[in-house]
Amino acid sequence: MSEAPLLAVGDLDAFYGDFQALFGLSMEVRPGEAIAVIGANGAGKSTLLKTIAGLLPARPEAIVFGGTPIGGMPAHAVAARGIALVPEGRGLFSSLSVEENLMIGGQLNRSGPWNLQRIYQLFPGLAERRHLPSTALSGGQQQMVAIARGLMSNPKLLLCDEISLGLAPIVVREIYARLPAILAEGISLILVEQDVVQALKATQRVYCLQEGRVALTGAAKDLTHEAIAAAYFGV
Amino acid sequence: MTDWINVILQGILVGGLYAMFAAGLSLIFGVMRLVNIAHGDLIVLAAYVALVTTETLGVGPLVSLIIVVPLMAAIGYLLQRAVLNRTLGEDLLPPLLVTFGLSVIIQNGLLTLFTADDRKLDAGHIEVATYRLFDGVYIGALPLLQFVVAIAVIAALQFIFYRTALGRAFRATADNPAVARLMGLDNRHVFALAMALSLAVVAIAGVFLAIRANFDPSIGPARLIFGFEAVIIGGLGSLWGTFAGGLVLGVAQAVGAHINPGWQILAGHVAFLVILAVRPEGLFPRIRT
Amino acid sequence: MSIRVGFASRSSRIGMAASAVALVVLAAAPFWGGRDDLQLLSQIYTYVALASLWNLLAGYAGLVSVGQQAYVGLGAYLLFGFAILGGVPPLWSIPLAGVIAALTAIPVAALVFRLRGHYFAIGTWIIAEVFRLIASQVSVLGGGSGTSLPAHIVLAIASTRQLRDFLVYWIALALVVVILALIVLLLRSRYGLALKAIRDSELAAACNGIDVQRTKVLVYIFTAFGTAMVGALIFFQRLRVSPDSAFSVNDWTAFVIFITVIGGIGRIEGPIIGTVVFFALRQTLADLGTIYLLMLGAVAIVVMLAAPKGIWGLIVERFGWQIFPLERTVVRDTGSAGAAKRA
């Protein structure tokens, strides 16, 4: 714990209109660390990512990134500081080609390891389809475009929301197989996932959310299935 | 026979101007789903800006474009940032009513400053020069220039939209504004740039309108309608379709006017309504995927 | 203690009582007001009617039209046409104009309903322009310069000018009352519930078996009916019609929209308040001419951005008043009056 956290979330409340989705939530991510956020539907996982990314309002000091309070900052300014969100449902730009989607990701011109060439090395399947409309791809390939588009901004912190959603297990494994190569570049990762087994394998630490609060946290390898199940379902 | 060739030729050339009216409208709708009711009045505003520029600096109207185009673009950027961005959302009413209010403000502002008198820009020699195509069929230098400029404007917009980072940003923001923000695109800025580009086109259209015929503060709404008709005739979402729509409208009006001078505008409207009745998606629609 | 469902609330009962008193006072205006007062009041009535109809269309059915001048002008031209060509008494022509306008609105709707949202708005404007251009081609009605109602027709209405003024005034008052009553009834009927559902979510309404398109078309046709009757009356008052005045986008759409927005769109009371504000401003600032219109446009923009529910919206938020309640509320009869609670 000697290292200063890259991201420190402290006492974060989040609201959709009158509905409160997060209650005094705290968490942190150290540089180069991969963490998983798990929990049942409606536990507040996606809300947490959206709030960090600047799509939902927050107190400035509730989210501190690289020593700077960024809570409530507009999403485009958060992106410019080095946080990329791969949104749930992928959110590809349907009238743009695959490569244009990637270039939109790269338009912030942040320096770093990722460029079109490196992306196509990581995802060779995308290289040959780069001029196709993004909607012409399979679900798994679309998810790869979404991750690659996030990487193109060379973020310090990548947020992935449900990247296995709606995909066949073999495709999910194929996508997860790319994560070590991504993490090898020194990036930090927050993985929001329903697929607990995949998430635990890919990360070092886990936060389990329940009704907008952290119900359980610990090192991924130390947590028992019973403890997770208890925190997951609140039994 | 040469009579009718002349009529259709004139219609096509005027159609280029209508395509310019339409292009800015089409661009704004494509990027932010906004129909700018003040579009026609902004064209007229550009004509008056050109008038003031030519009178104070003593330059010709075509040279005045160097000032009018950036000035209108700046007005567009500020208008979007200060007013129109606040109106965007699920509800249709705010953008519509605010641009409608803007239309009334521009018309009455111009009326206060310049009175209702007819004005015109004098482009000198080019206005009377004509080229003979063959016996009995002539083509005016000015309408020809206007037509060539219209093609250049559409081609430039097409290039910007599909070949540049700015165009990519426009399309991405139009597709999904929230995700575009996650990619670092400030949609308020992107929309303002789109409005600036739209009003740059409006500036060119306004200057050619003012050289071609008399103008006064009240003629804006009719230009909005011509532009709108060209967009719908051509088909939504396609710039070259919009260009073709402008030509169809121009020819329809020219043919109507040739039959009976009172039918010019009516013939254009009828062409629009016929297209709407038989082919509501327009002649050359681009299917958004 | 029993529970019943009804429309009334204390503010609405007070409001309805006050409205009834106001109606009696206004109906007696010929006995207490001068000719100018009657003319001003008639004008106010016609604007209340036009704005209420536009409010129904845009505020409730979500059909933002900037072309209602089509039906004002159509009504006016039908009245003049019937009178001059057919010898129909102008008073009969008013409802007749409404019916014909409603019939005309059917094919028009078939065309303009192909356009959505903003494009619908401009489509309606083009229809109005087409009507205007056609009217200016009708040479028996004076073509582009218009025509006057012949003297013998005017004289046949009432023997003296004063009687005619009274008659026109009462017709104007009756028309606005009838139109307002029809709108309130419509909004309280199952169509009103359908409209409310459509306004909240068109998709959800469609999923619950509401024929969204049909409901909207019906509202459009009804609005054409009312607007044309008002148009016929306005130009009957003026005794002169021309294409530019009858199909004026400024007079019959811009003002009407500003009135509705300033007063409060989507509320019955909005157009009434808006009209009062509009005429108060006009009586005090009309000397400013174009500057007045410029200010009106600016006020409408500011209201739309800062208080999109208009003046009446602010009043409702502050005091919870409703003069014409449209929502059913659950009322607990506890013996004491005024125990109404919003459901």
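Per-chain numbering from 1; labels A, B and C assigned in written order.
Going forward, contacts are C-beta pairs under 8 Å (C-beta built on N, C-alpha and C of every residue); 3 or more make two chains touch, one makes a residue touch a chain.
None of the values given here were measured: they were computed from a predicted structure.
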item	value
Arrangement of touching chains [line / ring / star / complete / other]	line
Dominant chain pairing [most C-beta pairs in contact]	B-C
Chain closest to the middle, measuring from C-alpha centroids that were averaged per chain	B
Whole-Å separation of chain centres (CA-atom averages), chain B against chain C	33
Inter-centroid spacing, chain B versus chain A (mean Cα positions, whole Å)	44
Whole-Å gap between the CA centroids of chain A and chain C	54
Where chain C touches two or more other chains, by residue	none
Residue ranges of chain A touching chain B (in the complex, touch as defined)	53-55, 74-77, 79-80, 84-85, 87, 91, 93-96, 100-101, 103-105, 107-108, 133, 135, 149, 153
List of chain C residues in touch with chain B within their complex	58, 62, 64, 66, 111, 114-115, 117-119, 121-123, 125-126, 129-130, 133-134, 136-137, 144, 249-250, 254, 257-258, 261, 265, 290-291, 293-294, 296-298, 300-301, 304-305, 308
Chain C-touching residues of chain B, taken from the complex the two chains share	29, 33-35, 37, 83, 86-87, 92-98, 100-105, 107-109, 111-112, 221-222, 224-225, 228-229, 232, 262-263, 265-266, 269-270, 272-273, 276-277, 280
Chain B residues touching chain A - in the complex, by the definition given at the top	165, 168-169, 171-172, 174-176, 178-187, 288-289
